[in-house]
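Each of the next two complexes has chain A plus one other chain: chain B in the first, chain C in the second.
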Partner chain A sequence: MADLLTPENLVNALSLGALYALIAVGYTMVYGIIKLINFAHGEIYMLGAFWALLVVGMEQATGINLFVAIVPAMLLCAAVGMTVDWSAYLSLRRRLPLADGLSIGGLTLLGVGAIFYKLTGDTTHAWYSEAAHGVFGWSIVALVPVVMLALSIGEKGGMLGRSLGRVSSDRLSALITAIGMSLILQTLAQLVWGADYRAFPQESIPAWMNEPSFHLGDAPVLGKELTMWVVALAMMAGLHLLVSRTKIGTAMRACSMDQETAALMGISVDRVIAFTFLIGSGMAAVAGVLYSVKVGGNISFRMGYYPGLLAFAAAVLGGIGNIRGAMLGGVLIGFLQGFTGGTFTIPFLVMILVLLVLPRGILGEPQATRA
Partner chain B sequence: MSDAPPPKTPAAPLPPLHPRAGLGRYANRLDLILGAAALLIVALIPEVREALGVKNGYRGTVPNIVLFLGIYTVLALGLNVVVGFTGLLDLGYVTFLVTGAVFTSFMLSLTRTETGIDWPMANPEFAGGEPVMAWNGAILLILLGAGVLCALVGLLRGIPTLRVRGDYYAIVTLGFAEIVYEVALWDDSNLLNVSRITNGAFGVNLSDSHRPTLFGAKLYYDTWQLYFLIIAVVVGAFLMTHHLNRSRIGRALAAIRLDETAAQACGVNVAKHKMIAFAVSGFIGGVGGGLYAIWNGTVAVKGLDVWQSVLILCGVVLGGMGSIRGTAVGIAGLMCLGEVLREDIGGVSVPPEARFLIYGLLLIIVMRFRPQGILPAVRRGTPVTAAEHEVLTRQASTLYTLGRPQDANRETDR
Partner chain C sequence: MIRIRNGLASLVAAPLLVGLAFGLGACGGSGDGDTDGENGSAGGGAEGGTVRVAVCGPMTGSAAAFGEMIKNAAKLMEKEVNAAGGVDVGGTKMKLEAVVFDDKGDTTEATNVARKVASDDSLLFVIGHFNSTCSNAAKGEYNRVGIVQFSPGSTNVKVCKDGPFTFRNLYRDDYQGQQIAAYVKETLGVSKVAVIYDNDDYGKGLMQSFKAQAEKEGLAVVAEEGYLRERTQDFKPLVQKAKDAGADGIFIAGLYNEAALITKAARQDLQLDVPIMGGDGVMSPTFIKNAGAAAEGAYIATPFLFNTGNDSSAATAFMKAFEDAYGKEPDTWAALTYDALGMALATLADAGTDRDKVRAALAAATDEASGYTGVTGVTYFDAEGDCYSKPVYVATVKDGAFVPAEKSITK
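Take a look at the complex of A and B:
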């Protein structure tokens, strides 16, 4: 084991810790309020890297600095996060025509966005390079709203049979919807950008990021690693202030305690939930950009899966629903992975063992299980 | 429960509650007929093809799809025990497929050499010899072993989730599946040389001499022996899950699904029944995995990633969680959809990677508009007749007497 405790591994572990903490807060905030494992969160992280890549130039560099590109990436990811909530989860929570409308609109928007990008952007990859596939793409985009609208109207007219309401667990439905959303985002990214591994162009990365800023023992800490730690710390501090000091933060905490009472106190619960998705997605986007810079590439449609899973393990480890727990869990999982040579086995194993000993996680408050 | 103390000796023996108990009451007759018809059609496919002039009716696209469907139906039925009956989301069901398939291929590869028992995987000095498990019928024993092993894996996987909320089960199973996937590819540079069993990224290839024998013939994808073995296992899985669902255990599982706390309050041992569900689900998955190994001839863990679990889950959700016939129809529909999407229809083709886009959309739309699936589970509450009501109210201290007797002639499960 001694050869694992090296300064290089420490630097790596700290970076991984920052990564997982940034993603894990998104999971834990959403879980805290709507009790849903948002499986699409890892995909938001992946999209963050892609949006930044688009801004700095996918094929040839546009000359925009990467740090500038983080801002549109955050904003776009926040928008996608909200779209995910509106197009998949909202209509499960609220059986209202407006919710269905938003759902139809959101899903169509994702599809149209993908096609629009393909038409205006490069056409070197599979989907629209062949007209036959194009017909498929448009027909899916046209079919989904029509089918959903028909089903929605049919349901209002009572043609889908009696709604079984709570007979099949609503929580299970939401989880399965989350899996579906994750599949959709991942496949769309693959269709649009292909299966290649990409990297940010060197021109967009400031030179100091690849130079050692100081040494930890005999391991150099590169500028990009230091940036990652500093940005992660700053965002954690900002999130803490947001949740503990501002009005919307208070509303978030109120919603996570008791949604019905919060609604009675005049809090617009759905708006708070959308805001939660927005904040969490923005943080995931930052993680996606910074970590892709750190590893120097590796941007592909698949990149969100393992970080998403490990970040969820981090959230569970720290006590799900607890923001400080997610930060702590993220750093712990990062250390576990960093010091064991990057395997997934050890972090998952530790998560499972922690569930055995401390079912509520490290910082999770004891709480009666509700069905 | 009731005010009056129960009489020491009942005044008169109570008449049986369900005089028609047996097949007629418990199985929907239409289901039985449809199932038998489907079975007959499937069994006759090869004969019909041979009558139409095909040399070997068991070889070809159609019988191969039937076998493929059969294996996935077994897996989906196993998954349905946990997802449908118990209401826990299992995202790592592929673990059982992998474990069962690897166990089967390993047992079949065991060879008696001059120096003892050896196997060819990752062993350049393998001398060859007589396969240990090639005797007629050994495969049944191996499948049973695969099932038992996977039942144990299911228990092991379930233990950490017993103390926590249901949705942790999803993440533990997913994490466990990733652990198994990673560990299966370990080689001699890691803690355990698992590649010695799984042959790492290359996968185990069953050679001709290591093929299992059943009814005097080596099992290949185009033999009648394997064809009917798979059909028999599908029927077995149907019967097993059907009886589980209709039993006391099945009712306990349904109670857990609807409300864990309430189930506990009613005296259901939640942990025990969850463990039973995990074990049964694992057993069926392990047998399915074993069949997969024989049918495919190659077991490469690399190809059995977590998307396989999502695919099976998709089938269960589409057909109707908790509904056995729904599960079968759902997985069959999904697999056929997958085959259709492979084709080029009128100049329109679907990019192969886009299939999961459609599956994702299906999951979302089904969950929003028809969470009970295409063929939902038939509600287990059959109307209580007046005579049964009479009997039930005479039985003191049953839950029935706590209910609303005035509703006795209405449907019980509303």
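Take a look at the complex of A and C:
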């Protein structure tokens, strides 16, 4: 154990903590207001790195400083985040009956197809193997019209959804749509930029980023690591001030407590939600750029998957819906991973253990406050 | 009903569209869609005057840079053969169609591809797969159905074992690991080495053979750190352990992207200026591109190397044709694919369109005289289908390009 508590590991833990905290607040803010786990959030993180890479030069360096490139990356990601909300989730919030039915049907088909696909993985030429391939493929195709229909259909509650009982129907379809959105963004990124791994050109990264800025114990802290910590801290502080002191922050809190009442008080709920996506996506973009610099590259269409997963775990650990909880959870998960040499098992194990004792997460609010 | 909030919506949509247009414009052509072979005209078969062969590799995914080279080399041979009038199949000239399949470097996908390919009777043989894991996963299907699987990239020891239809035209990892260990000890003068390996068939196999030889050579392995592709993103902690263990050399048994991150972490982040040597999985221009200045002076083992100073005329001609066609230099894998395809096509003159006879003709190449001389030298096989006719070359990175190391052949 003692050899894990080294200053080098502390430096890594702090960097990972900053990373996960920056992504986790995006998950938690959206969940706090519309009770949706936005699985496309990891892809926003990925897009952040790609937008910045486009600015500094994907094939040939343009000579633009990376810090300059962060700004358009943030703006574009904020735009993408809002577009995702506007195109996929907004209409689902209006409870659409047919969309429910189709999405549940699509999900069932996908499940059955996947099971068959797995079961028949080693047999050949058999008709059921072919059929399983067919079902699997078609059920993915079926999810597309679900999203399309979700965009265009009426206002009343869904019958299939209601009969499901415990899981509210609109939340289920929104969740599936979120997974779909994540796949769509990944696939688009792969189509546009290809499947290869990329790195920021050396010219775009200021030299001091790769040099030690000070020493923590006997471990040097590189400029890029220090930047991550400072930026993450500043953004967290800014977010805290925004939510607690400003008018839009008050509106966000009001919406997370009770959307209908908030709307009656004259708050434009959809605008508040769009703003939430904007802030969360901007922070994810910064995380994407800074972490890619820290690890020296690894920019690819899949890069958002694992950080997204861990940040989601961080949000749940801290108490999903609670912003301070997400920051705390992010740092905790970062420390758990940093001090165990980058494993995945320990952070998830601890998350499960904590949730067994505190089902709503460390700072989660009791459900009773919501009617 | 959806009411679009006009101001907000246009505010959002405009930059997004601009962004997308920018993205598409900036790298159009990088993602080309010619990767799913199933769209090729099925059942055309040899009888229609066309001979169809499968080329399987990681066209997308974490080894996609290799896949691109493999595809380009196969398509180059297809173009050249057809321009020269076609392939000689049992005495008649036929048009060649190289159908490309994408296994994504993933075992599940490789099994699916194998099933698809083996059951398509119009495909005569398979060039592929690339990743050892994929070749091993697909082997069962090819051998059960009886179609030649000829890998231009899989070096894992087990690939050709118990598979009469499985061949390769490059060395095995036990040989590669052995040669690298000797090179690291004797030529690079390392006494305490850290091994960082990819936790798959290729990485583990290479790491083990390296370790076995290191023991014999008296080269101490002071750290052994495994990682998982995609999942491990930050390599600084791994390199840190190597540094803490007092390593005076690092051996990377993995692929190019991770090798670039490891090299950067060592050279930039930790100021660890010890010799770094990679296995042949690192042999890709993407390694140099992603690692940048940190790549300078790294050593990479490879089954073949261009620009050694005494390149064969076949190698020079292939290099030129490839550059003319694609605007960039071919790499080792392109050369090996080109040779594998060339060798398999040459068997068709006698074997015709019979899959079993293709196997028999390849298996008959057992010495230098009966072997196939191509870009990468002479290829012939032992009883298993393994190839021992080629040495391990060593390249180093100089001024952003692979060049032969001072001592470029390990033997």
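FYI, the second predicted complex is superposed on the first by the 293 of 371 C-alpha atoms of A that agree within 3 Å, B and C clash if a C-alpha of one lies under 4 Å from a C-alpha of the other, contacts with A are read in each partner's own complex, and residues count from 1 in each chain.
Quick note on the criterion: a contact is a pair of C-beta atoms (placed from the backbone, for glycine too) under 8 Å apart; a residue touches a chain by one contact, two chains touch by 3 or more.
For clarity, every value in this text was computed on a predicted model and none was experimentally measured.
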Which of chain B and chain C A:L75 touches, first, second, both or neither: second
Which superposed partner A:F344 touches (first chain B, second chain C, both, neither): both
Which superposed partner A:T276 touches (first chain B, second chain C, both, neither): neither
First, second, both or neither for A:N322, with chain B first and chain C second: neither
Touching partner for A:F312 - first (chain B), second (chain C), both, neither: first
First (chain B), second (chain C), both or neither touched by A:Q190: both
Which of chain B and chain C A:T227 touches, first, second, both or neither: neither
Common ground on chain A, meaning residues reached by chain C in one complex and by chain B in the other: 91, 151-152, 155, 190-191, 195, 306, 344
Of all residues in chain A, those that touch chain C in their complex: 8-9, 12, 15-16, 50-51, 54, 58-59, 75-76, 79-80, 82-83, 86, 90-91, 94, 121-122, 124-125, 129, 151-152, 154-155, 190-199, 201-202, 210, 222, 270-271, 274, 291, 294-298, 300, 302-303, 305-307, 338, 341-342, 344
Chain A-facing residues of chain B, complex: 83, 87, 89, 91, 159-161, 163-168, 170-172, 174-176, 178-179, 182-183, 257-262, 310, 313, 317, 321-322, 344, 347-351, 353-354, 356-365, 367-372, 376
Chain A residues within the chain B interface of the complex: 35, 37, 88, 91-92, 100, 103, 107, 126-127, 130, 132-133, 135-136, 139-140, 144, 147-148, 151-152, 155, 160, 164, 167-177, 179-184, 186-188, 190-191, 195, 306, 309, 312-313, 316, 343-345, 348-349, 351-353, 355-356, 359-360, 369-371
In the complex, chain C residues that touch chain A: 1-2, 4-5, 8-9, 12-13, 15-16, 19-20, 22-24, 26-27, 30-31, 59-62, 64-65, 108, 111, 115, 118-119, 141, 145, 230-238, 240-241, 244, 257, 260-261, 264-265, 268-269, 286, 289-294
